[in-house]
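Take a look at the structure set out below.
Chain lettering (A, B, C, D, E, F and G) follows the sequence in which the chains are written, and residue indices restart at 1 in each chain.
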Amino acid sequence: MTVSLSGLEIGKQLKERFPGAVVEANDQAVLVKSESLLDVARYLKDTTGLDFDYLAFLTAVDYYDYFELVYRLASLKHNHTMTLKTRCYGRENPVVPSVVKLWKGADFQERETFDLFGIKFEGHPNMKRIVLWDGFKGHPLRKDYLSDGN
Amino acid sequence: MAIKTEPFLLNIGPQHPSTHGVFRMRATMDGEVIVDMEPVFGYLHRGIEKLAEERTYNGFVSLTDRLDYLSSMSNNFAYCMAVEKLAGIKVTERCEYIRVIMAELQRIASHLIAVGAFLNDCGAFMTPIVYMIREREKILDLFEMVSGQRLTYNYMRVGGLSQDIPEEFLPALDKFLEQMPRWIDEYDQLLRQNEVLLARSRGVGILPKETAINISASGPVLRASGVKWDIRKVDPYSVYDRFEFDIPTGACGDCYDRYRVRVEEMRQSLRILGQARKQLPGGEFQTPVVQPVHLPVGEVYGHIESTRGELGFYIVSDNSIAPYRCHIRAPSFLNLTALRDMVVGWKIADAILIFGSIDIVMGEIDR
Amino acid sequence: MMLESYALSSIGSALKPLPADWPGGFWWHWLVFTIIAILFVLLMVLFFTYFERRAMGRLQARLGPNRCGPFGVIQPIMDAIKALTKEDIVPYNADKVVHWLAPAVAFVPVLLVFVVVPFSNGAMLADLNVGILFVVAISSLSALGIVMAGWGSNNKYSLISAMRAVAAVVSYEIPVVLSIASVVLLAGSMSLNDIVLAQNIPFILMQPLAFLIFFIGASAEINRSPFDLLEADSEIVAGFHTEYSGMKFALFYLVEYAEALLLSVLITTLFLSGWRGPLLPPWLWFLIKVVAVFFVLVWVRTTLPRARIDQLMALAWKFLFPLSVINLVITAIEVLAWPGGVPWPMLFVNIGIMAVLIVSWSRLFKFGWGRVKVEA
Amino acid sequence: MKPEHYGIGIAKGLRVTIKHLFRHPVTVQYPEQKLHVSRRIRGNELVWDNVKCTGCATCSKACPIGAIQIATKIDKEKNKYDVDITVDTGYCIQCGLCVEACPYEAIYMGYSYEKAKYRRNEIIQSNDMLLPSETRIRSGYMSPGIAAQLPEQTLLLEKITEKEE
Amino acid sequence: MIGLEHYLILAALLFSIGLYGALVKRNAVIILMCIEIMLNAVNIMLIAFSRFVVPAMLTGQVFAIFVIVVAAAEAAVGLAIIIAIYRNRQLIDISKINLMKW
Amino acid sequence: MALQISFWILAVVAVVAALAVVFLRNVFRAAFALIMSFLAIAGLYITLSADFLAVVQILVYVGAISILIILAVMLTRELHQGNPSNNLELPALIVVLLFLAAGVWIVLATNWKVSAVPPVAPTTSALAQALFGGGGFLLAVEISVVLLLAAVIGAIVLVREK
Amino acid sequence: MMPYQLFWGIFLLPLLSFVIIALFIRPFVKPESKVAGYITIAAILTSFALSVWGLITVLAAPGHEVAVPAISWAVIGDLRINVGIMVDALTVVMLVVVTGVSSMVQIYSQGYMQGDPGYHRYYAAMSLFTMSMLGLVLANNILFMFVFWELVGLCSYLLIGFWFHKPSAANAAKKAFLVTRLGDFGFLAGLLALYRAAGTFDISQLHAMAIAGTLGGAALTWAAIGLFAGAAGKSAQFPLHVWLPDAMEGPTPVSALIHAATMVAAGVFLVARMFPLFVGSPEALTTVATVGAITAIFAASMGLVMHDIKRVVAYSTISQLGYMMLGLGAAGIVVAHEGHVTLEVAKAATAIGMFHLFNHAFFKALLFLGAGSVNHATGTFDMRLMGGLRKVMPWTYTTFLLAALSLAGIWPLAGFWSKDEILLTALEARPALFVLAIITVFMTAFYIFRALFLTFSGEYRGGAVPEHGSTAHASHGAGHDAHGPAKPHESSKVMVVPLVLLAIPAVVSGFWNVTGGFSAFFGHGETRGFIEGLFEPLTHPLPWGALALALLGIFLAYAMYSKKWVSAEKIGSRFKPFYTLFYHKYWMDELYEGVIVKKTLVNGFFALLQKIDSKGVDGAVNGIARGAIAGGRSLRRAQTGQLQLYGLFIGIGILAIVIFVFMIG
């Protein structure tokens, strides 16, 4: 049975390790600052005992004020999971670091998130639209998207 | 003996017989060898995730059918489970069992197509796929019987099923369970030991264990690489903890292993079906609250082992009648990430084979 | 037989004044047999297209064509009409002349080969003393048509197909010729009629290995499945005839089946004792055997997956070629040992030799997949 | 895995295919020969019961596609509500949610499945075109009563049973 | 009546055409083709001599066989060289391959 | 008569095809002209009652060498630059014409000893005797075999990848 | 009665196995499968059986000779070259030795080479080597002998450099090849001299002519010395011995087969084969004997101080080869001294050297294989890292001990019988050489037992050390890394069985000549009186004296290295100059490298040539050249580098010639 690790516990660990990185930790998820996302992710992936070697999925949610990025991590070794979140602000040019170097599975997902939300992933080797064509205007999954492209 | 030329660009697809939908590989070729490849897709993009935000929770079930159209039942199952998890609905025993039966039948049906198409890509001229479609038809008959459709079943509902199974379903299922193992054996005889197939698929397109994990592969692709990871076992949902079955794994993650894993999974599904059939209880097929309108605020991730891997629905609710956000973790989409790594360095014929062995469904990838 | 036989000693002598003993003159013979040969080819091809689809349908638990006429027998004619009435498309930027010529270049040699095929004792257009060599030489020409088609289509898939064609044809010519050579050694003649006459025991029994090599090699050369790499529809769409439509496509289709017919006819003639057989008239025996061989081809096509190009080449060079050389040597020794004709008990020895060679060579060669290191 | 290099695998495959030569083909010759479909089939037309229908538009709301339009107006002459239903069958995905949603069992899935149209405007159907008739049989979807009257589904499973070799 | 001279002149003509092509053309493949034409011209001559001068002996045909063998070998090696050069320098224009100039 | 007609047709085809090889701009078509020429020459062999050689000509030249040439054409792909000439056109033409003239003159000036004996009818066995029989060319055959082997090995070595 | 054509089979079977392995097995079969080994072993065992049959046949045949019809191979003008084989006593003895040792070695290699990536290559080369060695032995024609001689050299090159990725192995292979080539020039020169003098290559004709005296004088002497030079190169005689110790870079079975039993013996065999020629030339005989004696003591002295067990054995081989040469030379001198030499007598005289060769082949191969076995267990060849292996490797130890005893010449083992014959003959022929030889006896016993005690007695000293392993361990091949430094263990059965099988002849083969049987066999019935009675109890003091000397050597080694009564270091430092001299191999390598190649050739001779060239020749040439350059500039425009232009010129030339000829004619 997959154990869903409490965000509180991991949040505590992360707070010790990366002071100031964790914004909020609740039972379900850990919310970290986007600047320290990469470090936290690397820590989560490489630390023994955590070993989050599997990125179950990655997506974003549009909350008007900010985009919340959701990373669902799993460890095939210990059979546990956790949810990592980060936020990025601004609707014009939101940027978050890319985790594609850690989990190659993020490749298409980040491109898709970019495509549909317009969130740029810094460090992604091939940051371009994936499901929509290159000349497409706007990002459809944003809440304020209207079909005429505004 | 590869003939080398200067590199040239070859568009494999989107109108190619073996790209399983409208999928395109922009391959840079050196003679017959692929030196670089970029997958291009999106021809089927319908914005299902956006549509979900504008539909009621139950109204979206029929759209999940259109995701992975070869395993609609699994999609229904995953979506309903996720919503039920969010709403805190506990479905009845009978419903769980019927769902499991449907999901496993769907797995067999889908794997039949996967294997058949894989062998067809390998060049076995239509025979395996025709045989396997015949078996699939039998399963589709069963589905038609319960849901009234042969492809987009729209059978499950949040909180249960749309209708109970008709009384002629169980005898037919028994008959199917009795016949099917022998057919699978026969298909195994058809090509499993075939020298040409072995030559073509063994050692071709190896996806090493570490890469498979790193690339978030799941389902038969991951298992063929030797990772014993099956949501049904590691995170048993529904009533899967009541069944005995094995997780077949491959030795090295080549095309042959992926083919073998799928065939073995069909056998395991039959085992589960047999047990589920025996344990199937009576009672209601749905909970009294069928139409949950306003779901509590929160978020949930419900995932099942779909035929192609981990199918998950990440749903954020804001207490309105529709999901605030519904993300679909599509297994084919993530498995496809592995394609480039596997294909580069192989010949075009191998590329087709490797692509076939991943077994993607474009409806799910483009969403 | 209504037609009496007349054997040309060679085309060279055919150019000399006509002999007087042919009733109605020499040209009658030519005319009659030309018509027979062309009719034979065209009708058999039509029949084969129907037969293959029908047999394949049954092997695949389907019905096959069944709409046109009783049991769908006039389906091929309908197909032909459809092909004729279709728009003929020449791709943009294609080499038009080459594109136009390709189907003809592919078709003519195949038709030409039937000149030397005996339908009954001596019933053939020309009994060349270099008959089988003629067959091999001329039939290799039709690969040119494929190359032209692949080249002239201005399509990358077609070009890949053309390159495969070149590689495959050049490679498979060798084992095929060598396996034919052992038959010729045994028969002592290159004339197809003489080869048939020499088969008191069908050569499939005397030369099982040569038969196998010829079967594999020739089906690779005419790109029948499992070696249909030239038109591998799951890989390179339809290969060299991707860009063909209408009548030109129909010609390629015709070539494909005419080649299959040729293969059946050659196997019948070289290994199955041609038109010989008890009770029934020779031409019927001939047809029965040809259709039977073709059924085997269909059967194999239905069952086997396709090989890859490098495996195809490896099979030719590493497996068929050495085995055919060995077989040739063994045959030569046998012929030396029994100059008056190899006695029939040797067929058991030959079958044994074939089994041993195939098993041992498979061990050595492993068809190319023994070398893939799979880390468990 | 045993060594498999001598053509044994090929021979086995050939055996399987030749076995099929002596079995019955499973296909049917469709236009002449028809099978009974499921009793619950969701055919490609809706059948509307103008008597039961109250014009509540629940079906229209339930439709995920929005293919059903319901308009009600008061017919003063006859002194009753007039219900105008328009279904764009071209959009309909045959999900059956409208039938499920209808509180009055006024709308049904059609039983037949051969309703291709030649003209585009024919697929937009309204009031009278949706009524049940000889050719517009109601399906048993979500209504067991009707289902019981329909013929039993033909199963491929029962149609061919392999002969024991 | 067609006699020996006809064949010999035909052979001379073909040989000259081949020679001209071999001397003038820049494309190495074409040059190879021209050389094949020259070899064929020689073969015609040999066989013509064999036919007309010593019809019973076939010596000319034997030599023609050897010429064909040599031509096959030459074609194989020549094409291999062309392809090797092409791989290294991406050209088969023989006038640009003037490494013989010191 | 038939002989004459066929000779003239074949000769013209051979020469025209050979000229096409030299003068066509498209290399691929030039290769096909070459095949045409080879086929015509094979026909000429038949008129010389060398049937075996005619078939061998088709087998080797048309079936193998031409195919190889086409392969080279496809691999090197210098097609659209076509088939240019170098700056030696005029001197080469003069030399070749002189050459031709000399050849023709020699042919015409010599008094050939044409034998009246009819040619050997089926040449295959006669050729075999000549090649392998006593006092034949066995050693030469062996040497040519070695030559072929060397050529094959050489070709493989040349084309091999590093 | 089996047909004599079967003798061809002895030679053809390894050839067949070579062809099969090289053409079919190696390209198509994984090195993990042991097919190649089985094929080779089968072929060579069959050859061995045939050889034994040959030996019996020849023993039974009258005159101990069998005529095998020759095959005409090529007729070039008047020169008709027949391919024939010569089967006499010498041949069959060599055949038995070669095939016997070879088959044992191949079996042993099956274990030793297991898992090596070059497994098939190894067996292909081994087959080829065996084939060429057998060809060399069987050839009835000195030209063919030379061909096979070179083939043998080639195989030796291939096998020494088997692990060619190691620079040391590659260098050793090159060195061996070049040094033996030096000798081969002598051989070739001798060959040509012989052909010029005699007009034939046929060996029996040459024999007859030499005995009859039609071939003689200076020509014969130089021809014989030339042949001997070849023999010296191949048999690693004194000035050309430097390659053999380095050749130990090859796999150990190679050393055992090639550098102990067969190829190095080819030199001795050559001398023996051409012995009637040598007998005609006392000068040549003296050269042979002297070089042999010097080599014997020289190599033995170096063997005293080596740390590498394989090198000790290698030096021992050189030393023993020296013995054989000495035996041949001395016997020749004795025979020639008596006057009136018949062919039989000449052949009988070779028996002394050949008998030692015969015995030596077995025990030396055994020693090498033992060394290989030890290496297999410890991962090193360095004796300082071994010790105490007696307990863990009883079989290896026992067989090695037997071989060592045999080498030291202890009664009644094989070495005893053959060595003392040589000593006695030497005493009779040249007493000075006898002194050298008798000292060598002592040294031999000492060094081989030093090796034995260092390796097998005392405590285990750890085996291969990773740092040190760079030389010793690397020579061990890729396949055995796994059990290098681990605990030593007895080798596998496939390696032990050949050791045991070889130990049998190493013990008993000496008895053949106790009563002169071997000599009689060689001399076609003719024996020499001086051998008879040598071994009757105490009739002659020499053998027993030598035996005592050998025992003394063994005791000394025992004292120094097993019991440590006497400190080896102390003695080493006492005789520091000698030790250094020996340890540095008399600076022979440096001499060759530095003095001969660099100083003499490069600085001296070449410099002189250069001076002459630059001053004298260039002056004259430059003047001409300047004129030529001026001319060339004008002609240069024709050299466009454009092939077709050249073709055009050729065309013009031909045209001109044609026109010219026809204008004239």
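What we mean here is this: a residue touches a chain if its C-beta (ideal position, glycine included) is under 8 Å from a C-beta of that chain, and two chains touch if they have at least 3 such contacts.
This is a predicted model, so every value here is computed, not measured.
> Tell me the fewest steps from subunit A to subunit C, where a step is a jump to a chain it touches.
The fewest steps needed to get from subunit A to subunit C is 2.
> If you check the contacts of subunit A and subunit G, which chains show up for both?
Both subunit A and subunit G are touched by no common chain, going by the contact rule given at the top.
> Counting C-beta pairs in contact, which chain pair has more, E-F or B-C?
Result: the pair with more contacts is E-F.
> Which chain is most remote from subunit E in terms of Cα centres?
So the farthest one, by centre of C-alpha atoms, is D.
> So how far apart, in whole Å, are subunit A and subunit D when each is placed at the average of its C-alpha atoms?
Their C-alpha centroids are separated by 43 Å.
> How many angstrom lie between the centres of subunit A and subunit E, each centre taken as the mean Cα position?
Going by mean C-alpha positions, subunit A sits 70 Å from subunit E.
> In angstrom, rounded to a whole number, how far apart do the mean CA points of subunit A and subunit B lie?
25
> What positions in subunit G touch 2 or more of the other chains?
642, 644, 648, 651
> Which subunit A residues touch at least two other chains?
Touching at least two other chains: none.
> On subunit E, where are the residues touching two or more other chains?
Expected reply: 19, 23-24, 95.
> Hey, which residues of subunit C end up touching subunit D in the complex?
Where subunit C meets subunit D, its residues are 55, 57-63, 66, 299-300, 302-304, 358-359, 362-363, 366-367, 370.
> Help me check something: in the complex, which residues belonging to subunit A touch subunit B?
It comes out as residues 1-2, 28, 53-57, 59, 61-62, 70, 72, 76, 79, 83, 103-109, 112, 116, 129-133, 140-141, 145.
> Touching subunit F in the complex: which residues of subunit G?
Subunit G residues touching subunit F: 642, 644-645, 648, 651-652, 654-655, 658-659, 662.
> Which residues of subunit F touch subunit G once you look at their complex with the stated criterion?
Interface residues on the subunit F side: 86, 88, 91-92, 95-96, 98-99, 102, 106.
> Which bits of subunit B are touching subunit C when the two form their complex?
1-3, 8, 10, 16-18, 31-32, 119-127, 130-131, 134, 190-191, 194-200, 202-204, 206, 251-252, 254, 347-350, 352
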